[in-house]
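Everything on this sheet refers to the single structure shown next.
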Amino acid sequence: MFSKNKGHTDYDIMTLQHILDDIYTEIQPHIGKGKVADYIPALKRIDPTKFGLSVCTINGERASVGDASERFSIQSISKVFTLTMAMKIAQEALWKRVGREPSGNRFNSLVQLESENGIPRNPLINAGAHIITDILTSAYEHPKEAIVQFIRHVADTTTIDFDLEVAKSERETGNRNLAMGYFMKSFGNIHNQVRVVLDVYFHQCAIAMSCEELAQAFLYLAHDGILPSTGERVIAKEDTDRINALMLTCGMYDSVGDFAYRVGLPSKSGVGGGIVSIVPGEMVICVWSPGLSENGNSLAGTKALELFVQKTGKGIF
Amino acid sequence: MFSKNKGHTDYDIMTLQHILDDIYTEIQPHIGKGKVADYIPALKRIDPTKFGLSVCTINGERASVGDASERFSIQSISKVFTLTMAMKIAQEALWKRVGREPSGNRFNSLVQLESENGIPRNPLINAGAHIITDILTSAYEHPKEAIVQFIRHVADTTTIDFDLEVAKSERETGNRNLAMGYFMKSFGNIHNQVRVVLDVYFHQCAIAMSCEELAQAFLYLAHDGILPSTGERVIAKEDTDRINALMLTCGMYDSVGDFAYRVGLPSKSGVGGGIVSIVPGEMVICVWSPGLSENGNSLAGTKALELFVQKTGKGIF
Amino acid sequence: MFSKNKGHTDYDIMTLQHILDDIYTEIQPHIGKGKVADYIPALKRIDPTKFGLSVCTINGERASVGDASERFSIQSISKVFTLTMAMKIAQEALWKRVGREPSGNRFNSLVQLESENGIPRNPLINAGAHIITDILTSAYEHPKEAIVQFIRHVADTTTIDFDLEVAKSERETGNRNLAMGYFMKSFGNIHNQVRVVLDVYFHQCAIAMSCEELAQAFLYLAHDGILPSTGERVIAKEDTDRINALMLTCGMYDSVGDFAYRVGLPSKSGVGGGIVSIVPGEMVICVWSPGLSENGNSLAGTKALELFVQKTGKGIF
Amino acid sequence: MFSKNKGHTDYDIMTLQHILDDIYTEIQPHIGKGKVADYIPALKRIDPTKFGLSVCTINGERASVGDASERFSIQSISKVFTLTMAMKIAQEALWKRVGREPSGNRFNSLVQLESENGIPRNPLINAGAHIITDILTSAYEHPKEAIVQFIRHVADTTTIDFDLEVAKSERETGNRNLAMGYFMKSFGNIHNQVRVVLDVYFHQCAIAMSCEELAQAFLYLAHDGILPSTGERVIAKEDTDRINALMLTCGMYDSVGDFAYRVGLPSKSGVGGGIVSIVPGEMVICVWSPGLSENGNSLAGTKALELFVQKTGKGIF
């Protein structure tokens, strides 16, 4: 087992690669289980047997197995990028428009919005992410471009882009998101036109990235807000801790408690089958497997992360 | 700032005492703010200006300020002790009777019980704690004595006991707890007589302990399940991580998200004004101040923990 | 078709008997359908093929078919008798403790009690009936006896009594009712001891009456509050209209709208399989058939009332 | 007091006029109380002291007081006209897409839609009315024109029309209605484009009519589905009873129970301050006064109807 020295990682990358290899072997019976998201054709036709796992340390070392270099639709994982951007823009004022409590409801529920006057529970459920996107829509002349530029920058990869077919499908099937948007607008909590905000939102969800790219892109959350490759500060140290706290308490739809119990790392999942997990002070792990649990989280992905924490002792608890 | 070496604490106790002294100075304007719990006379008449803070490391070093040696009613903090006991007894079967998700509702809400067939969201809200107490009531001939013996043992203090006046008042004003108990019994999820289970529950809430005693008693949660003083294993390493995860996601009533955002330590609060926080691998902090926020957590206590994490960098994120 | 002359009924009793005979023939395929209430043994063992139908006019004429003279457990139909008694005692003050709106929820739901501070939606759902029984418990030294005496009086039948086996079973399985009682007590809306109030409640539900006795007993609701046999005023004219209005909007559990749509008469059902319907100014109809719909109303009973209104044109709309 | 002879009204119109005159005197202290709907400018600037009351019998006799000939925005009263149209088109299939139970929630709540899979509780709340309008949008090439033509026909008045300023304002402030529409579309329960359906809906709400015109237009609901002036059948007798039943159980927002208790007539209100009430077999009463109660019903209008029923005994219970 590794010891836990924040800012001073002591494991060696060969050991890490061996661990991933072991996980890849043990995870085989879980691959293909669960249900691939089927609400849009572009997600439905993904090969359910895909599985990728990639680790990137703050020292820039990497280990990967499986389809870790194949891009997939990041979906709700994008909410962490846009939250980072919005926290820099709106600061504390952000928390007047969105809460920071777990929802206790499905990610796309409208019930709490009604009893809580259009203030979503947190920025990592759909309604909360709309507020975040609304803030970016107000702040940038070209918000879609601003988002993809930010992600290219933190991932240090210029080829990351929208999957326009996915974005189009999202828009065509996005009636519940439109319902949420208009509902919050009826409370005055969406400032721009609902259709404009949702166009940005549907695009951010449709960004395609690989496990390797995501593990690299989120290193700032494992490194006190700083990009390890360049030393550039992306976000304040305190805000890094806060985003990690939000991921732990709100990042896994309606199974944050179960996920914290089993894995114990700040994480964010997407219905494309990806999950990103942060080991503060050390590394980022990204897993991808399209089969989802009832709660919308990758089944084999969750299992792989559970194995990773068991084998490395890297849980935060 | 301290570095974070799990199992190898490197700070010195004099520094820790200085930090507590600084916190005690800074916290003064916050003491007495908020509302003392007033639903029973014995809690209502507590001096609202009380404030105690105590730290105990896994090496057995201690630092304290204020009223850290004065006993108060531990109330919901007792739920962590009983959960520990029940996890040893019921193992995985426990999770068929209680969930492990944040509730998204007030700690004493009955709404979710109805839509989720009498299965409480987690063992740290009232309804979930009733299930835990029901398990102990089935397991022990004298469950009240078993609970207080367990606490005396982990706290290494034989004088810890029930405040019988508080227990009596709890019972007399406990109509909502009775409602919850009978409601879960109507779903078959309470196995013993409701009045018997609640008598145990009201007693466990009425145990009186000081900050120093609580910090000592919970060291096993900072030390992989082992009592540092004797090396005795209280609970498995994995279950320790899980209890800490449950405390982080479910331990602070309806402000777990906000508390994780501001403090970022696995914690449990009680309406008596106490809060216990775990720094895994290092120490336990216990604070007491009777003035409560709207969500039922100690106001000055939360602030003190926020200062502690700021000054020491000991947050888990 | 009969014409509708309030206070001046113009049909002849032979015609009415022919109509009931026709209904009895047509209803045969419906008898035995649905699910007999099975939460207590005494109800569960009722022969599901029982069917009785009785009409009593304000002129004292009667017509009956089937098992109309056999007694069954009146269950929630008792709520109309106790409401009548409580309206005389508490007058307008009653409506501070219970609402008069349809609940939009199952008859034994606790959800609305929580969001509406322990004030039940109306006096014909369980929670509301507890408030009514609490009022009678405060008003009478022997509330159980007072209730049965009232019913004997309006039914002009001294042999009506509690089925003590049913009452005992109700108490033993009444955990959800206890939950409701303690929940409302926690809001201060039950004044007596919960167990005392519920003992009365379980007894009133366990009164056994026949269709003929119920049709006779409720004539005051068809006759402006006056017992037609003696001219004695039971309740004010306005209160009679109000009870009828409450029955129409709140009397059929969660299918008041559907029942008003299909039958269109102020009615109250019980899980024993009975339904009482009022034709203001003319008559009372009582039907009994133990097989229940999902909503807890007698299936064949509802169908029989639908046929009655089709054949006589006696709907109020 | 009048006697109640369905199909054979025996009062004289002079008496009726005297009663309205008396009501007009007694109602004066209530006029101007409550809150005029202020969500759109065109409603907000209505003179709050307006009051009109008109009665029209199935024999074509009329009596009126106050501003009974002044047109106002009929708003939700339009839902009864469109329901009549849709019942003729969709027959029983209609009830697969919308329920017929009181909602127990505010007229524009989204909560029940979520738990009941996009099936609104009844056709007289907003969400249900959207379904009805969707049916008309599918059935007619020019649904707006079809609706206004239907109303002109039953009211026998060719000048009835949309208030286009109101329709435009409704659209501009209609975010919650859009939210409901997209929410139901996400469940597949809106077949046309949401914006198209809501354009029709906002126009039907914006129709302007006077009390006299509304009392005349709804005579078919007091006359077994037949226009008394021409003998033309608008809708089947059974459907007439059913619409009246729906009005009684669902027509007054979240105070149907209270309204049935106080007034006891099938009625529909609108936020423009109008209320239409049916006395089956006899007459229609329409009242208008813009000041609304918390539940969105005209305050003075409800009081006037209560007085009318007290003075005439025309309640249905």
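So that you can tell them apart, the chains are marked A, B, C and D in the order they are listed, and the count of residues begins at 1 in each.
Simple rule for what comes next: a residue touches a chain if its C-beta (ideal position, glycine included) is under 8 Å from a C-beta of that chain, and two chains touch if they have at least 3 such contacts.
Since this is a predicted model, take the numbers as computed values, not measurements.
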Common touching chains of chain C and chain B: none
Far-end chain from chain A, centres as C-alpha averages: C
Distance between chain centroids, defined by C-alpha means - chain A, chain C (Å): 56
Distance between the centres, which are taken as Cα means, of chain B and chain A, whole angstrom: 31
Geometric centre distance via CA averages, chain D-chain A, whole Å: 49
Two or more partner chains touched - positions in chain C: none
Chain-level touch network, classified as line, ring, star, complete or other: ring
Pairwise chain contacts, counting only pairs that touch as defined: A-B, A-D, B-C, C-D
Footprint of chain D on chain C - complex, ascending: 3-8, 99-105, 112, 121-122, 240-242, 244-246, 248-250, 254-258, 260-261, 264, 266, 280-281, 315-317
Partner chain C, residues of chain B touching it in the complex: 109-111, 113-115, 175-176, 178-183, 185-186, 194
